[in-house]
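Dropping a structure here in structure tokens format, bear with me for questions.
As written, the chain order gives the labels A, B and C, with residue 1 at the start of each chain.
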Amino acid sequence: MSSRTREIWKPVAPAETGSGRREFLRRTRAIVWKDLLIEVRTKQSFTAMAFFAALVLFIFSFAMGADVRLLQATGGGLVWIGIAFTGILSLSRTYQSEELAGGLEGLRLLPGEQRAIYVGKLLGNLALLLTLELFLFPTAAILFQLELWRVALPLAGVALLGTLGFSIIGTFYAALAVHVRARELMLPLLLFPALVPVLLGAVNATTLILTGDPDGAMSSWIRLLVAFDVIFFVVCTWIFPLVLEE
Amino acid sequence: MGKTLKILGFSALLLFIIGSVVGLFVVRADAAMGDVQRLMYVHVPAAWLAMLAFFVVFIMSVLYLVQRNPRWDLIAASSAEVGVLFTALTLALGSLWGKPTWGVWWTWEPRLTTTAVMLMIYIGYLAVRSFADDPDKRARWSAIVGVVGFIDVPIVYLSVYWWRTLHQPPSSPRSVAPEILFALLLNLLAFTVVYVYLLGRRYRLAVNEQELERIVAHQTKQISHD
Amino acid sequence: MNSPNLAVSLRGISRRFGWFWALRDVDLDVPPGTSLLLAGPNGAGKTTLLRILAGVLAPSRGEGRLAGAGLNDNDGIRRRSALLTTRGYLYDELTALENLRFVSLMCGSDTSPATSAGILDRVGLASVADRRVGAFSSGMRKRLALGALLMRPVPVVMMDEPFASLDDHGRALVDDIVEEMLAAGQTVFLASHQIGDSLRLIGRVAFIDRGRLAFTCAADELSERRYAYFEDRE
């Protein structure tokens, strides 16, 4: 074989594309970049979701009545329900760009660690939800008369942990739901029971931040959220290729 | 297998009758709670078997994902169905117990709440199965749900336990009289045999269902080729 | 079977979808630097075979090697092969250049703008490099998909119905590219249910029907062998 042929014959191994970890990061960044670019170019979906989130919180106010004390006591929980409902909308669109392009097979055809696809999509969902929360929390503060500014930093921490848990499980199940019939039903059906620890942890931590923590229960909730995030990040990342499989 | 199942079936029935008689009539009623406490002889075994059933789902799901043997998948699916049955029973009995004892149909007691969440997780498992036509995909997706769902259960329990007890002290378990323990264990044994029997029957049904699917698929293919 | 000198070597490859066998007991040996046409009627199993060779589908039974990697080495296979699909998998909201950039980032191939520009030029899309793919015609999409293929210099190149959606110029482009690939030592698989256009480039033909490899022959023998096969089948 000619030297040029020998060049072609040699496949592009991970060593040439950077070590395994660098390749993983590069692929993850590629997914995030691509999804961000598409999201920016179809702006209307983000604003629609922000509007939907505000609407949900608004409806809660009506449902709870005008009792300020009640709203303040339950505000922490209500805002997380708002995040969960809005989050489901964003999750169901996680793989939409791939589906419009013809299917997840397009990504599977490209060599490299497939788990990078999961991590990339996860980061995308996380970023999107956190951005929505930048809008959601202040809206809740206004509607439910919550004093957020003083406790913005710990609140941000809890929001991050909770949203991370939501995104970890959500991105995973969203990939599963892509293949199954009745997807709009399956995703919430699978997701919400699995999310119970995250919801409990986030709601309780948020409420404790807003209304005070006499018993020092905060650390337990934080530990729960962290444990959930770590455990399911490992499990979901590990199993992800099985979800993609044909 | 048919013969084994018949023997199992008779044993299950026998043990169940004995267990019920012992629980209802032979053992003395609890001093504090009265006859309602006898529900415990059914409620607690049901709860244990629900956990066992879902543990079986977990193990079989893992085995399937590793070996891809359809048999594991069918056992998992059968166990999930039987498990849902026991879970629903646990919840119903818990509710029945709650009304006369605490005056409420539902309490957010950690174990009961976790059982309710477990029910939802495994209904999700069965829903995934019902929405997939291809047997390989059905097996793979439900196995994934079976694994992830089971890992979630202890975390759910922990979170609900903290939720209910961080502000109030947990109700301390009272010491159990030996004869109550005996009745409990007897019923536990009875329920376990019932579970194995139901699992066996459901599995056999599943095998036949799959065979039927295969035959129908072949005939449809033949028709489409002519 | 372990011959290192074969680009592709398959033994008993079978694939089941549910209860339906899409491929049955396919044996195939393809020397490197040659071209193979996968011919056969629609639904025969050509695309399934290509997907197995591309590493996105695992065989239900059988074993094989592609450019030195075993079929069970999923990532190894994907690094050694590239598949031009009928769908293209292009993102409508991204420009032609961005689509190529995405592919190169994901695969680890050359990401320099000069290379992408050069490839777009090669496939005749230089003038629309910065236009969103959503506005492309099906012929332009095919050309872009071809460009994405060119971004990855792999030992085994596969094209599923490459001539579909293309006009005469487009088809000539495919011919040229296949010729260049063969000259460079790459092995090329073409799957097509319409035989005709590229026969001059084809070395051998593997005819697939109803999931089985019916026969293999040289390109010029195809018509007679096909006729004979269908005669026998009745």
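Going forward, a residue touches a chain if its C-beta (ideal position, glycine included) is under 8 Å from a C-beta of that chain, and two chains touch if they have at least 3 such contacts.
Quick caveat: nothing in here was measured; it's all calculated off a predicted structure.
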Between the pairs A-B and B-C, the one where more C-beta pairs touch: A-B
Most central chain, judged by mean C-alpha position against the global CA mean: A
Centroid spacing, where centroids are CA-atom means, of chain A and chain C in whole angstrom: 37
Intercentroid distance (Cα basis), chain B paired with chain A, Å: 32
Between chain C and chain B, distance of the C-alpha-averaged centres to the nearest whole Å: 50
Touching two or more other chains - residues of chain A: 245
Contacting residues of chain B [partner chain A, same complex]: 65, 117-118, 120-121, 123-124, 127-128, 131-132, 137, 140-141, 144-145, 147-149, 151-152, 155-156, 158-160, 162-163, 166-167
Residue ranges of chain C in contact with chain A within the complex: 32-33, 51, 54-58, 67, 69, 75-76, 78-80, 83, 85, 87-94, 98, 102-103, 105-109, 132, 152-155, 184-186
Complex interface listing, chain A residues touching chain C: 1-2, 4-14, 16-18, 23, 26-27, 29-31, 33-34, 37-38, 41-42, 97-98, 100-103, 105-113, 245-246
Of chain C, residues touching chain B in the complex: 16-20
Chain A to chain B touching residues, read off their complex: 169, 172, 176, 179-182, 185-186, 189-190, 192-194, 196-197, 200-201, 204, 215, 217, 220-221, 224, 227-228, 231-232, 235-236, 239, 242-243, 245
